[in-house]
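Labels run A, B, C and D following the written order; every chain starts at residue 1.
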Amino acid sequence: MRIPRLGATDNVAVINGYPVITADPATASDWYDTETMYNLYSPLVYPAPEGGVRAHLATSWEPVGGDFTRWRFVLRQGVKFHSGNELTAEDVAFSMTRFIAMGRGNSGPLGKVTAAVVDRYTVDFVLDKPSAIFPDLLVLFFPVEKAVVLANVKAGNYGEFGDYGEDWLTTHDAGTGPYRMTGHIPGQRLDAVRFVDYFEGWSNAGWGPDEVPIEQLVFIMETDYTTLMTLLKSGGLDLEINGGWTLPQLGEIKKDSTLAFSSVWAQNVTVWMNSKVPPTDDEHFRKAILYAFDYEGIVGPWMQFGNGETGILLPNMPGYVAIDPQPRKQNLERARQELALSKYAKDLKNVKVSFHFCGGLGFEEEVGLQLQADMAQLGVTVEVTGPPWPQYSAECSSPETTPNMTIFLFGPQSAPTHDYYTYAMFAPKGLGWIFEAHWFFDDPEIIRILDATRAEPDSAKRLALYEQVQPLIASHALAFYPYQKPTLFARQAYIVGPQETIVFIGPSENMHMWRINMKAKEAMGR
Amino acid sequence: MRESTKADLLAAWRQRRRNLAHGWYKYSRNPLSVLGLVILVLVLFVAIFAPYIAPYPGHAKAYTNFRDASQAPSAQHFFGTDRIGRDIFSRTLFGYRFSLMIGAVVLGLGVAPGVILGLIAGYRRGTWVEVVIMRVTDVFLAVPPLVLALAITAMLTPNLINQMMAIALVWWPWYSRLVFSLASSLRNEYFVKEAELTGASQFHILFREILPNCFAPIMTKMTLDMGLVILIESTLSFVGLGVQPPKPALGTMVAEGAKRLPAEWWSTIFPALAIVIVILAFNLIGDGLRDVFAVEDV
Amino acid sequence: MAKYIGLRLLQSVFVLFGLSLLIFFIARVVPGDPARQALGLLASQEQVERVREQMHLNDSFPVQYYYWLRSLLHGDLGVSSYTRRSVASDLAQYIPATLELILFATLISFVVGQVTGVLAGYFRNSWFDGVSRLVSYLGIATPSFVVAILLLFVFSQVLKLAPGIGRIPIMMQPPPVRTGFMMVDGLLAGRLDVTVTALKHLLLPAFSLAVIHIAQEGRITRTSIVETMQKDYITLHKVHGIRTSRILFKYLLRPSIIPTVTVMGLDFAFLMSNAFLVETVYMWPGFSRYAMTAMLNKDLNAIVAVVLVIGITFALVNLIVDIIIMFLDPTVRLRQGGA
Amino acid sequence: MPNASLLLEIRDLHVGFRIFEGHLRVLAGVTLWVAEGERVGLVGETGCGKTTTVKSVLRVLPIPPAIVTSGEILYRGRDVLRMHRRALHVLRREELTAIFQDPLQSLNPVFTVGSQLRDIVRDSMRTPEGRVLSRREIEARCIQALEETGMPDPERIMSNYPIQLSGGMRQRVCIAEALSTTARLLLADEPTTNLDVTIQDQILRKLDRLVDQKGSSVLMITHSMGVVRDLTQRIYIMYAGSIVETGPTRQLLASPKHPYTQGLMASVPRLTGRGVSEGIPGRIPNYLEPPPGCRFHPRCPHRMPECSVEAPPMSDVGADQRAACYLYRRSPS
């Protein structure tokens, strides 16, 4: 008896991701928040596949007054909110003031911004410090409808605005996105239905004859992959966008004709080497680690799923420069030479290297164990420990407390992506904390180029700067990159998409880019 | 004087030998109890001499071999290999070391104080003594072992002994509750009344009169807890507090393996079986000891 | 009896007060920066500082406790930095889900545990005793989440039945929440289909949780049954011709169940904080999972509230157990000062 | 061949216990019988196997460690030891009943006296038409049973727990339990030993009158001569696991023939104050290696060589009285 199909004929997509932390655009910060934002709201500017941004809610924008502290945005006309009212500059200005006033989520990188309405469809943003790449940062700023928010304000500590409608927005939405929220139980489930009057429309250009827009979305938040495999096989799950499958499960999905994969953006497995704590304070010692690690050994069985070589940027990103070691293979001979040059060459035996990974994450532990075994061949002992996340992330708050090596998975979640992987991770005024656990800011040339990237409005020239800075950073061996971990979206065969591959978390999960083949679903019928 | 003390000693020693023999007779009457003892000795032997018995002693230390990871049980690898390519059979043998240690430390530190406090509280039921002890028990019962372990690893160095102490700290209340309910019933028994009438000391009443009668449930709970304690290590490892890699521990191996069920069933089933064997041994011994101490009227 | 209960409730208040002090201290000592957890990965240092101020994190421990206690007295448990909602509304949503699950699990473990315990004790050293003993050791040794996963695998891949994952199927419209207990809410809303499906969805997770307790409680009952069997009054019951089933499940069980009842109470309260692994496998939006996330993400307000809830559960359960024992064992009640 | 008119007949019963030290051979060939309506006494010192005999008849011996090596226990000609469980249950419900020695242990501590009595009556009593008694009938029957034992205010007693009653009152409840249903044969294992003398006498006389009313036969086990003298027609004297002498009570007590019985009678303190009796030298034998032949021979003043060879058969010593002793070998029974 086949497993009875769950809702065989319903036009619905059940999507699994990390638990949604919050559905309020002003406080959304994590991956799944961003992914839901792109469904319920629309940003002013949309990330472009070739990097940089393109028109979306704003049709055009330019700096005013020549010193990049004032930017003018012209809005698209006739854009409807879910309530049916039209989007105006008034809403956008209110949203920016709210975004900055609440001061959480993704407002950090913007600094202090004040908004001024010029006319019904034009708004100015005044920055507290000049920034040439300000428009690129707005891919995570989502306008809300002022009237609806103010109508649902509760007591709060924002003066006359009370709680700025934060409580109401956790279970409702005031956005313009392709889907409208119908219910949200935090940490459990979020329901949404298609917004027919979405301003980009639902044209069938580029889609097959039976591929229709998905009418209903159910975002669920399950972390156990045995359960997810059961759901996937019983048809209870249509699309899984965390990509946490184990190797055998990936094999199983690959063999099953009713299931398929979509590989969209990849995550950069990064192992920082703390340049301020012995023995990794010695550049040659760090280089030795770079060459001692057995890249092929750890990636081997995963190669078929695209876990290839990676660098400071991700290979699928324009402007990617391959960095040492080339070819990406273990080179014990070169590693011994580097070790000999390092100041710890003589007493390798009592040198202690600490490698911390986040407790409970198997793939991070595997990298640690692989390094531990490789370094053991060079006579260096590596201690691998996995403290729980709060302790692990707290350790990286200062150079002294940061272990020699810490491993992280950096998905392209912040905008603009190139800036996130370079300025935010290597500039002194970058994100700090776990994003700069190498604590190396001693090369003035790197800092000069990174500052230049933030002052260069032209995206092509900016790209050239990024290409120039990557080898320079790599020369100091501040990190080694075991492999890139592509996020494989497992899906039912009748779910088709995404239409555009955009290397950034959010747009690729915008269900406006996905379609459902209802005929195929009914045919499968199980 | 010296002559008699020597004779007394000899008599006492012979008496103890006879008691021991009598105890062994009662214990060995049930073949299962003997089986339990044999298994335990085997497990101890295996744990101690693991480096010599295990086919791949190196796999318990820093070793990775992703090429032949996750292989099914075969001639080379009796229990197959885990996701990092290490031989599960060898790691299970080494894993016994840690599991037995955590069991001994937690039950050792946890049971005795709990039983004593429970006895006192039960015997003096209705007085402020009961109130104080039992309410403190309620406080410690409520603290989840995980939070305590997290806190202790922050305050003290996160080595294994501290974590085990953390678990022992939340384990004693279980026994004080159990013994409390037993003692409050037993204290109305006639042999206790008679002991009180004949002016027996508190110590005698508690430990010679009441405790032996609570012995059976305590022994049952203690041997059953052995399993729970070994497994609690897997909860700790779940959040990175258990045994630090690459050292193997049965609880962690079961937890890790469970994620790869059902395709790679061997990575969780065999360590789980290893735990079953240890628990089987402890429980059979527990049942046997209960026969020795059980009150038998012939 | 009423006086006794009143006294015990008063004592529980002190217990909870002591517990809140202890856990408040422990939660602060657990590593990690709660402000950083609340704001997410990309928050700037300056934002983190402002939130630390808002949460009084920089104040001394007694001051923090004062603020927390003051808001508690106003019925405000603070906001969870994980779900960004008031902890009170989180608890109201999650507690009934876990309660429904562990009540069901305790029921299963009571019925199955006691029946096997009595029979194993009565027919001591028979084949049944041997088999039930080995099965219970297996039950104890296998962690609940392995049992959960194996059951899931058996029902989904082997028996090809759609296993009940989650409290009700994803596509089913949940009834209006009145009590939080899905089966009860279904009845109240007059939707029998919800109640029936909810019951079906309860079976697998409840049984996975019950396995260890069936083994434990069954063994303890068996042990005390073996002891009670040797008493004269049991022989006399037999001689006077009382039916065997009545002797088994009335005259033999009641005196033997006293140690078991205590352990059963503890097991019930234990599940409140330890069902999270099974809840994860069955997508069960329960309090236990919420508690685990709070502890892992150092969600201060939630940790303290969660441990208080567990504390209340233990206090209440122990009180109920003590009352049950008083009724089970009149000698305790009569000496205690009379019902 | 089984004698049909006999109610209970124990034939050459051998019972032992396997313990650490070895094999305790307690009963070494006990033979006795009780006829319909007869009241028989079984007298012996503590530890001579009286209770083991009773428990064997009721088939409540804890096996292991006990083992019945040989012999039969015939009740109305059917061997109790080989009875099927179902038949045994019917036997206990309708025929046999018992009262044990220690009233403190004979009542279930966690149930009221009433609930225990009611269950006995409900499970083992049937109306003449074979119908189960109604609740009212059961209640009435329980109250009546308690009243028959001379219990004051039976309604209150019904709702009390055993812990709330004195030893004497508890024993009355045990008697009520034993005699509340039709009891063809009552096995009383030292029913009053744990009570003080005044209560003892009341209870025994009440027990005697009740047994008369019901016409049930009694096997009274005791170690006190006074108890058997008034209440039994025939007695067996038991020593170290075997019957040494039997006969009509008054006649045997007046002129005991077996040396052990003579010693026993001599050691009963006389009210007439003729000095304290000498008692019997030596101690009862160790069942691990019981003395061969007649187990009393080590302590017997008339010891003869053949006494230690083989156990003496029962011999007639006149007027229905028989003793197992070679002194009277001339007339084997």
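Throughout what follows, contacts are C-beta pairs under 8 Å (C-beta built on N, C-alpha and C of every residue); 3 or more make two chains touch, one makes a residue touch a chain.
Just so you know, these numbers come straight off a predicted model, no measurement behind them.
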{"item": "Fewest hops from chain A to chain D - one hop per pair of touching chains", "value": "2"}
{"item": "Leading chain pair when contacts are tallied as C-beta pairs", "value": "B-C"}
{"item": "Chain closest to the middle, measuring from C-alpha centroids that were averaged per chain", "value": "C"}
{"item": "Inter-chain centre distance, chain B versus chain C - centres from mean C-alpha coordinates, in Å", "value": "23"}
{"item": "Mean-CA-position distance for chain C and chain A (Å)", "value": "38"}
{"item": "Inter-centroid spacing, chain B versus chain A (mean Cα positions, whole Å)", "value": "46"}
{"item": "Numbers and ranges of chain D residues touching at least 2 other chains", "value": "163"}
{"item": "Multi-chain contact residues (two or more partners), chain B", "value": "150, 153-154, 188, 238-239, 258, 261-262"}
{"item": "Numbers and ranges of chain A residues touching at least 2 other chains", "value": "226, 387-388, 391"}
{"item": "Set of all touching chain pairs, with the criterion as stated earlier", "value": "A-B, A-C, B-C, B-D, C-D"}
{"item": "Chain B - residues contacting chain D, complex", "value": "21-22, 25-26, 188, 190, 298"}
{"item": "Partner chain B, residues of chain C touching it in the complex", "value": "11-12, 14-15, 18-19, 22-23, 26-27, 29-31, 125, 130, 133-134, 137-138, 140-143, 145-146, 149-150, 153, 157, 212, 215-216, 219-220, 223-224, 226-227, 230, 258-259, 261-263, 265-266, 269, 273-274, 277, 291-292, 295-296, 303, 307, 310-311, 313-315, 318, 321-322, 325, 329, 331-332, 335-337"}
{"item": "Of all residues in chain C, those that touch chain D in their complex", "value": "230-244, 246, 250-251, 254-255, 328-331, 334"}
{"item": "Partner chain C, residues of chain A touching it in the complex", "value": "1-4, 6-7, 10, 12, 14, 21-22, 24, 27, 29-30, 33, 103-109, 166, 170, 185-188, 218, 220, 222-224, 226-227, 230-231, 233-234, 236, 387-391, 393-395, 397, 413-414, 431-434"}
{"item": "Residue ranges of chain D touching chain C (in the complex, touch as defined)", "value": "55, 58, 60, 62, 89, 92-94, 96-98, 100, 102, 105-111, 116, 119-120, 123-124, 161, 163-164, 174, 177-178, 181"}
